[in-house]
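Two complexes are shown next, each including subunit A; its partner changes from subunit B in the first to subunit C in the second.
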Partner chain A sequence: MSLDLSQFIPTFLEESFEGLELMESSLLNLEHGDDETINSIFRAAHSIKGGAGTFGFGHVTDFTHLVETLLDEMRDGRREINNEEVEVLLASVDCIRLMIEAIQNDDDYDPSSIEETSERLSFLLANGEDTDGSGNNVAADEPMLLGKIWQITFIPEHHLVQTGNDPLLLFNALEDLGELIVLAKTEQLPSITEIDVEELYIHWQLTLMSDNASEADIREVFEWVEDECELDINLLSDDTPAPPSSVDEQPVNKAPNTITDDSETIEELPSHLNEADVALEQAASKALAEQEIAAENNAPAQSSSSQPTQATKPAAKTPAPKTQAKGKGDTGSIRVGVDKVDSLINLVGELVITQSMLSELGNDFDLSKVEKLTAGLEQLLQNTKELQESVMRIRMLPISFAFNRFPRLIHDLAKKTGKDIELIINGENTELDKTVMEQIGDPLVHLVRNAVDHGIEPAEKRLAAGKSAQGTIWLDAYHQGGSIVIEIKDDGGGINREAVFNKALEKGLIDVNASLTDQQVFDLIFEPGFSTAQAVSDISGRGVGMDVVKKNIQALGGRIQVDSVPGEGSTFKVYLPLTLAILDGQLVKVGDEVFVVPLITIVESLQAKADLINRVSGDMVLYRLREDNVPVIPIFELFNLPAEHQTVDNALMVVVEADGQKVGLMVDDLLAQQQVVIKSLKDNYQDVAGISGATILGDGSVAMILDIPGIISMAQKIAAEKQAERIANYSKALEGAVN
Partner chain B sequence: MDIQALAKDIPVEGEYSLEGIDFITSGEQYLTFLLENEQYAVDILCVEEIRSWEKPTRIPNSPSYVKGVINMRGVIVPIIDLRLKFGIGKPEYTETTVVIVLSYESDEHSRTIGFVVDAVSDVLNAEENEIKNAPTLGGVIPHHYVDGLVNVGDGVVTLLSVEELQQIEAHSIG
Partner chain C sequence: MAKVLVVDDSNSIRDMVSFTLKAAGYETVEAANGQEGLTKAQSANIDLVITDVNMPIMDGITLCQELRKLPAFKFTPILMLTTESSVDMKQRGKAAGATGWLVKPFNPEKLLATIKRVIR
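What follows is the complex of A and B.
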C-alpha cells in the first residue's frame, strides 16, 4: 500500500502555521493561563512534531521534541511557568516557523538561531526539575524513563464490530495510559472468497509501557467488550528500559487504520470474485499478505507518535490523509467555512431552478405570460444578487487573521522599550477581503509600532501625568457605511502639535503664518519629510515611514485619519473599502457622460443655492456648507466636456471628501446608486488623471470611475497654473506701464 | 466531395484553386485595410476581431485620436482613430468605418486596442522576400510604425507594426 505522502505536505504546512499561531497566542496568554492553555500549546507542538516526522522533516521533529518535553514538564506541574520559559518557548515558535517556512519555500534557513534556541531549551531542560523516575509523560526516545511494561493479548470475537465497538477507540484509550505498541495478528483471516466483511478476524498483541497504570486501569478500558473478547493482561517488567529499538522516530499512519483499509479492499473484492477466478484470488491474497506486513511494520512505529493524554488525538489527526489538500503554492489558497460554500450551492441550485423556469416560459411564449416572465426575471435578479454577495463573502476573512500577530508584537516591543503595555482587541470577527487583509498587515504593524514607540510614554512619565503605569493600546475593527474602519488607539501622550508644526516649518512644508486646523497639522506627519530618523527624535514621534503607511492605504482605495488630544492619546482611523474588486458607486451625469463616484467618498449631495456661493480671491468658488467653505470643482471644465450646467447656481453638487479635504463636484444629474466592478484602464491603455478605472454598466456601456484624491490634486494644479499665468500677465502689464 | 480526399489534394505550399476559391498555404497573412484610399496591412494573427463603429465612452483629457473605450465582452478596450493619429483621411464615420481590434503579447504584458479605419479590404499573402524596406523619404507615418512595403498588383501596401501600434503612450504624435 504505497501512498504518496507529498501531496499532503501543503496541508501539513498550513496546519503547522495554524498550530504555531495558536502556540504563540496561547503562550502570550499564559500569564493568566491555566492547564487548558498549556495543553493546547502542547497539542499544537505535538501535531507539528508528528506531521514533521511523517514527512521526514527530521530537523523539525528533533527541535519540536525538545519544546514538547519542556511543555510536558510544565503540564505536569513539574516546572514552574515563568517568564524565562515563555520567552524561550516564543523563540522556539519562531524557530519552528523558520524551519517550516524553509520547507514551504524549498529554501535554506539560517541554523544559528535554531541552534541557539535549542541550546537554551536543552539548558532549561537539564536544569529543570529532573525526571526522577516519575516520568509519566516521557517522550518516546527517552526509553530509560519508562516504567512498567504490560503485555496485552486482545482476541475479540468475530462479531465485535457489529456491537458498535471499534478496537481503534480502545487503543486510543490505552494510549492515554502510556506508550502503546500495537501488533495486528492476521493468521485467522479466511481466504478472500470466504470473508464476511462485517466480521472481525484480526486479533492484537499490545505492549503498553506505562509507569503508573495498574491492571485495573487497563481492564477498565476493555470494560465494554469484556464479554466479547479474550483478554490477557500480563506485567512483563517493571522499571525496565523499553526494549524495542525498532521504535522508530517516525509516526506513521495508525496501524488500525491500515487494517480498516484492508477490510475495505476485501469488501470490494468479492464482487469481482463471483466466478472464483483462482488467479485473482492468489493475487488478492498476495496483496493481503503484503498489507499485513505493512500493518505490522506500521504498528510498532506508531508508538512513538503516541503521547499520553489528549496529545494522542491531534497526533493521529495530523498525518491522517485529508482529502482537501489545500495547496499553499504559488496561487495562494483560502480557507472557507463550509457554511459559505453550502449557501453558494443552495443559491446555484435556486438559480438553476429559475433558469429552467424561464427557459420553459420561453418555449411557447405569448403576451398572456408576461407577468410570469416579470416574476421570473425578478427572481433571477434576486438570485444573481445573492450569488454575487455569497461569492464575495468567500473572499472575506475575519480580521483576526491580521490582528493575530499583534499580541506578540506588543509583547516583544514592550519588552524592548521597557514599557508596560496592555493590548485590547475588539471586532476581530469583522470580515475583510483577503487581498486587502494581506496588504493592510504591514501598515497596521507600523501604526501599532508607532503607538508603542512614540505614543505610550514611559511609566514614570505616565505616573507623573496622573495616569496608570500601564499603557493601553486598543485595536478595533468595525463596519461603517460601505467600508471597514480599523482603529489604532493609545492612551499615550498624544501628538505635540507645536513640535509637528515647527518641524513642518523647518522642512518648508508650510508657511510661517499658516493657520492650520489640528487635523491639518496632524496630517503633516504623513508628509515624506517627516519620515527621517532625525524627525522622530525631534518631535514627539509618529514619524517613521508614515508617508509609506498612507501611500499603502491609499493604494487600497482607503484613507487614514488622525485624532489626538495632548496628554490623552491618539487615534488612527484607517478606512478601507470592503473589497478591491467591487465598489459602491453613485452614478452621476455630466453632459452626455456617466461617471461613477465612489460612495465611500461622498459626504452628501445637494442642490446648490445661489446665495450660499461665494467667490473669493478672484475666481475661486466656495460653497458654504454649514460651517465649512467647500471649494467647487466643475467636472465639465476639468474634463473638457460640454455640460448642461455651466455655472454653479442651482447646479447639483456632490460633496466628496478625500485626504481630509472636502470639495463639491458640480454635476448635471444624479442617477442610480449601484455596485460596480472595477476594471483597470491601465491594462490596455494607461493611467488617466482623475480616473481610477472604468466599469461596465447594465446596458453594456462603459463608465469612468472618478478618482477623488486625483481630481482634487488636478484642480489644485490647474488653479496654481492659472495663478502663475495671472501673475506673469500682471507683471508683464506692469512692465509695460513702467516702460 | 470527400473532405479527406480534399485535404490530401491540397498541396503543402503554394496556391490551389478549387471551384473558384483560392487556398493559400504559404507565407504570412496580413489583413489589409483602407485609410483614405491608401492600403495598409497588419499581421492577421494579431487581429482579435473586426467590429462595426460604435461610439465609445470618452476618456477625459485624452489626445484627440483616442476616441475612448468600449466594452468588449467585459474587457475595457481603448479605441484609437488611426486616421487621426497618422493624419491620413477624414475622420468620418460611415457605414464602412470599422474598428480592427488588435491584440499583441509582449514579454511583459499583453494589450488589446481597437483601431478605427475606413474599411477592411482583403487578406494579403506575402512571403518574407516580398516585403521590402520602406524608403525613409517623408510620409506622414513615422518610420518606426512601418514594417515594410509589399507590392500588390500595381499598388503598394504598407505593413504596419502591431507592436509599435500598441505603444500608444510611448510616442504620441498629435
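What follows is the complex of A and C.
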C-alpha cells in the first residue's frame, strides 16, 4: 500500500512556522521563563522533527534531532541554560526556518549556511554531561547468520493482557521473521474456581526457524512486553540448513505463508484455556481469522537516532516532497478561529430566515403589507451588513503575526550595535487584514531598524544626557477611526532638525531660504535619496530609504507620519486601512458620472468662496485654505467630462491630502458616504491614470474610485506642461518682438 | 471495523495518523490533548488509542493512567506515539499502563504493520 501524504505538507509547513516562532519567542524569554517555557520549546522542536521525518525531509529531521537533544538535556536539568546555548538555539531556529522555507518554495538552500550552526550544536552536545550516543543500534550492526533455529521461552506475567498486549499478535509478528511453532503450556493454570478472567495463566514455548533473524529482531517483537514477562531466547543451531518450505531467501519481505503446523498448535489453545478466559479466547480467534499479516513488519526501531535514514527512504518513494510546491505564494491558506466561522453560519441562518419571510410576503402581496415589507427589507439590510463584517473578519489576523519577529530582531540588533534596548509591545491583538499584514512587515522592520540605529543613542551618550543607559522602543497597534495605527516609538535623541535641513539643502531638495515648520522638515526624511546617517551602516543603510517605506505604505492605501522631540525621541505612526477589499468612500458627482473619493484622504469639503480664490498665473488656480494655498483640480477637466460647474467660484470642493500635499477636487455634487467594494480595473479592463479601481453602486451602475496621489501627480504634470508651453510662447513672442 | 482514538497536539501528525488509519479501513476519533482524549474515549467504543506523549493540558502518560482506571479501557491497547526513545520514557509509559510505543518518524506502512501487533 502506498499512501500519498503530500496533501498534509502545507499543514505541516504552517505548523512548523508557528512552532519556530514559538521557539524563537520562548527562547528570548527563557531567562524569565519557567519549566513550561523550555517544555514548549522542546514540544515545538519535537513536532517539527516528527513531521519532517514522516514526509521524508531527512535533512530537517537530522538537524532538528540535534536541537531536540540539546533541549532535552536542558529540560531534564542535565545542562545549564546559558547565553551560548540560547544563541545556538536561536541560530538553529533560523536554520530550520531556512530549510522549511526551501521546502515550501520547492527551492534549494545553501547547505553551508546551516553547517556552522550544526557544528556548534554537535560541539555543545559532545561536551555536554550526557551525550545521546548513537551507538545503540545493535540490530543494524550485527552480522547476519543464516539458517538459525531459535528456542524462545515466553512466560508472561499474569496481568499482561491488562496493558492491552495480546500474545497472539506477538506471535503473528514473529511469524514474519520465519517459520514458527507455538506450544502452549498450561502448568500454571489454576483450578477453575480460582481463575480470574482478567489474568493470563498460559506460557509458551516457541520455536522459530529463520534465515536471517537476529536475537535483536526477536527481542524487538517482545520490546513492548519485555518488562512484563520472562523471556529466554536461545540459539539452538546456526548451521542447520534453511527449512525446505522457505523457497524465498528473504522471508521477512514476503507475505507470510500460512503455516499449518503452528496454526494447529494455536488452534488447540482455546481448549486449554477454559471458557473462563474470555478475553484471550476472543483475541485468539480474532487473530486466527486473520492470517494476513503486514507485509513488512520491521517493527519500530529502538533508537530514534538510528531512524532517519531508515525511515526516510520508504517515504521518499511517494512523490510527497516534490509535488507540494504547486502554485506557491498566492494560494496560501488562512487559519480562522472557530468562533468566526460559527458567527458566519449563524448569520447565514438569519439571512435564510429573512429570505423566506420576504418570499412568503411576496406570494400574495397587497398594500396592507407594505409595513411588513419595509421591516423585512430593514432586516435584510442588517443581515447583509453583519454578514459582510463577519466575512471581512475572516481575513483579519492579530497583528502579533507581524510583531512576533521584533523581539528577535531587537535582540540581534542590540547585540550588533552594542546598545542595550528594551522592546515593549502593545496591542498585539489588534486585527489587520492578512494581505496588509504580509506587506507591512518589511516597512515595519525598516522603521524598527531605524529606531535602533539612528534613534537610540549609545549608552554613554544617553547617560550624559541624563537618561537611563537602556533605550526603549515601543511598538503599539490600535484602532483610530476606520484605520489601524501602528506606532513605532523610541526614547532616543530625536530627529536633528538642523542636520535634516542641511542635508536636504545639500541634496537640492529645498531652497536655502525655505522657511519650514518642524513637521515639514521631518517629512523631508521621506524624500527619495535622503539619508542623514554619517556612514552607511550594516543595519539600516541598505539602499532602501524611508522613501521606499513611505511608498510601500501608500501602496497599501495608508500613510506615515513622523513626530520628534529633540532629546526625547521620535514617533512614527503608520495609518493603514482595515482591509484592502472594502473602502470607505465619499461619492461625488461630476456631470453624469459618480466618482468615489477614499474617505481616508479627505481633509474637508467646502464651497469655494470667490474672495479666497487666487489665480496665480492663469494655469493653476489656488484656493486659500487657512494658512495653505491649495491647488484646485477640476475633475471634469481631468477626465474630459461635461460638468455643471465649469468655474471655481462657488464650486463644491473636496480637499484631499496625499504625499503631504493638499489639493481641492472640484466636483458638482456631494452624494452619500458609503463603503464600496473595490474591483480591480486592471483585471477587468486596464489601468487608467487617476483611477485606482471601480465599484458597483446600489443601483447597479459603475463608479470609478479616484486615485488621489495619482491625480495630484497628473495635475502637477499638466501644470508643468502648461507652464512650459507658456514660456515657449512667451519666448516666441519675445523673439518676434525683437526681430 | 476497529475504532482508533488518535491523540496529538500537532494537527499534521494527527491528520496523517488518522488519514493512514482511515485508508486502511479503521474508524478514527481525534483529540488534541490528553484531556480531550479522555473525554472522547468515553463517548465512543474505542478499540485502540494512539497518543503523543508531550502535549499541553494533559500529557500522554497521564491520559494512559486515567484510561486504565476506566473499566472499559482495562484491556484496550494504548500506544505512545513519540520520538523519545529513552529507556526512562518507555518505562514511565509502561508503568502508566501503555501497551507499547511507536517511534516517530513513522511511515504509513510501518504504522499499520505495528498496529497489527495490538489490534486485528
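Just so we're on the same page, the second predicted complex is superposed on the first by the 396 of 739 C-alpha atoms of A that agree within 3 Å, B and C clash if a C-alpha of one lies under 4 Å from a C-alpha of the other, contacts with A are read in each partner's own complex, and residues count from 1 in each chain.
In this text, a contact is a pair of C-beta atoms (placed from the backbone, for glycine too) under 8 Å apart; a residue touches a chain by one contact, two chains touch by 3 or more.
In this text the structure is predicted, and so the values were computed from the model without any measurement.
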| message | Per the contact definition in the header, classify A:683: touching subunit B only (first), subunit C only (second), both, or neither. | response | first
| query | When both complexes are superposed, which of subunit B and subunit C contacts more residues belonging to subunit A? | reply | C
| said: Let me test your reading of the model: by the given contact rule, A:68 touches which partner, first (subunit B), second (subunit C), both or neither? | reply: second
| After lining up the shared chain so the two structures overlap, which partner does A:638 touch, if you call subunit B first and subunit C second: first, second, both or neither? | first
| said: Looking at A:334, would you say it contacts subunit B, subunit C, both, or neither? Reply first, second, both or neither. | reply: neither
| With the two structures laid over each other on chain A, which partner does A:691 touch: subunit B (first), subunit C (second), both, or neither? | first
| Looking at the overlay, does A:5 come into contact with subunit B only (first), subunit C only (second), both, or neither? | second
| With the two structures laid over each other on chain A, which partner does A:352 touch: subunit B (first), subunit C (second), both, or neither? | neither
| note | Interface with subunit C, subunit A side, in the complex: residues 1-3, 5, 8, 11-12, 15, 39-40, 42-43, 46-47, 49-54, 61, 68, 72, 161-166, 169-170, 172-173, 198, 221, 223-225, 227-228, 279, 286-287, 289-290, 293-305, 307-308, 311-312, 314-315
| query | Hey, which residues of subunit B end up touching subunit A in the complex? | reply | 56-62, 66, 68-71, 74-78, 109, 111-113, 168-169
| said: For a test of understanding, state which residues of subunit A touch subunit B in their complex under the given definition. | reply: 593, 638-641, 679-681, 683-686, 688-691, 694, 696, 700-704
| Residues of subunit C that touch subunit A when the two form their complex | 9-13, 15-16, 19-20, 23-24, 54-56, 68, 74-78, 83-85, 91, 94, 97-110, 112-114, 116-120
